[in-house]
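Below you will find the structure I want to go over with you.
Labels run A, B and C following the written order; every chain starts at residue 1.
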Amino acid sequence: MKLIIAIVQDKDSNRLSSQFIEANVRATKLSTTGGFLRSGNTTFMIGIEDERVDEVLAMIKETSHAREQFMTPPVNLDVTMDGASAYPVEVQVGGATVFVLPIEQFHQF
Amino acid sequence: MKLIIAIVQDKDSNRLSSQFIEANVRATKLSTTGGFLRSGNTTFMIGIEDERVDEVLAMIKETSHAREQFMTPPVNLDVTMDGASAYPVEVQVGGATVFVLPIEQFHQF
Amino acid sequence: MKLIIAIVQDKDSNRLSSQFIEANVRATKLSTTGGFLRSGNTTFMIGIEDERVDEVLAMIKETSHAREQFMTPPVNLDVTMDGASAYPVEVQVGGATVFVLPIEQFHQF
């Protein structure tokens, strides 16, 4: 048994929750903030059998990994930038930080 | 010293808090959600000396273990069920998931 | 790599956050309560390289350690106390509880 603590962006957390439910992975969600001005994120605590750790890590990576996305910046913020600003720009979204912790005892009462 | 992480249902958390205070067990509470549509739950983080781990586990088990309770279902939800619905039904409440984690250092500043 | 879990009083948490950012220490914040009627506190989860553990502990200690502060008690609460009550009294503020946990795997996706 391991305890996996995974911090993901809010925007990825619902999709990850759904996948956990589908795969019968029990996860507890904490609302968290922070890490360098990054806005809201969600922390999952997952108790999982040793032989399923890699599977859970793959689910987190697949759903929440950092990636580029095109976004059109709001026009009114761009008055100081010349013309080009109306085009979509690439921004990084997602990203997950994951800890796998050893546990000494696990109980369900 | 160990770190105990205990996830219990909201309805059991106040009683557990009171017991911790009475027994001089220092617990920090986190508001958490999730685990298969289970509504609100509470996560306790408890730093405790090795020789008191069993005592704390017993308190959690005693206060929060899964058990059956009779509940009278609200009448207006039962229009599709015939007659029997006015009687109390047995539902499961409570239940706790508990991790005991090794720690390398413990400090109080 | 270690996982440091630090519980500090709300009043110290902003200053600590700023120091973490300045020192390039990535911390995730959880809003927590409890521990003997102590009002709101904040829990930081920090993933940090082994060789920086002492540095992070020193930052937490420096910012959040228990210390005495003079406070003038609000006058209207002191009607039963004679005269002396208008003077500032020394109260204890701050204090941090810190766990350093071993981790088996650390990932950033």
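Note that in this section contacts are C-beta pairs under 8 Å (C-beta built on N, C-alpha and C of every residue); 3 or more make two chains touch, one makes a residue touch a chain.
No experiment lies behind these values; they were computed from the predicted model shown.
A.B. asks: Can you tell me, using the touch rule above, whether these chains form a line, ring, star, complete graph or other shape?
C.D. replies: Drawn as a graph, the chains make a fully connected set, so complete.
A.B. asks: Chain B and chain C share one sequence, so how far apart are they rotationally when you fit their Cα atoms? Give it in degrees, rounded to a multiple of 5.
C.D. replies: 120
A.B. asks: Whole-Å distance, chain A centre to chain B centre, using C-alpha means?
C.D. replies: Computed value for the inter-centroid distance: 26 Å.
A.B. asks: Give me the residue numbers in chain B that touch at least two other chains, ranges are fine.
C.D. replies: Correct list: 30-31, 101-102.
A.B. asks: Show which residues of chain C lie in contact with chain A when the two form their complex.
C.D. replies: Against chain A, the touching part of chain C is residues 3, 17, 21, 26-31, 45, 47, 101-109.
A.B. asks: Which residues of chain B touch chain A in the complex?
C.D. replies: 2, 5, 7, 30-37, 41, 43, 53, 57, 60-61, 64-66, 95-102
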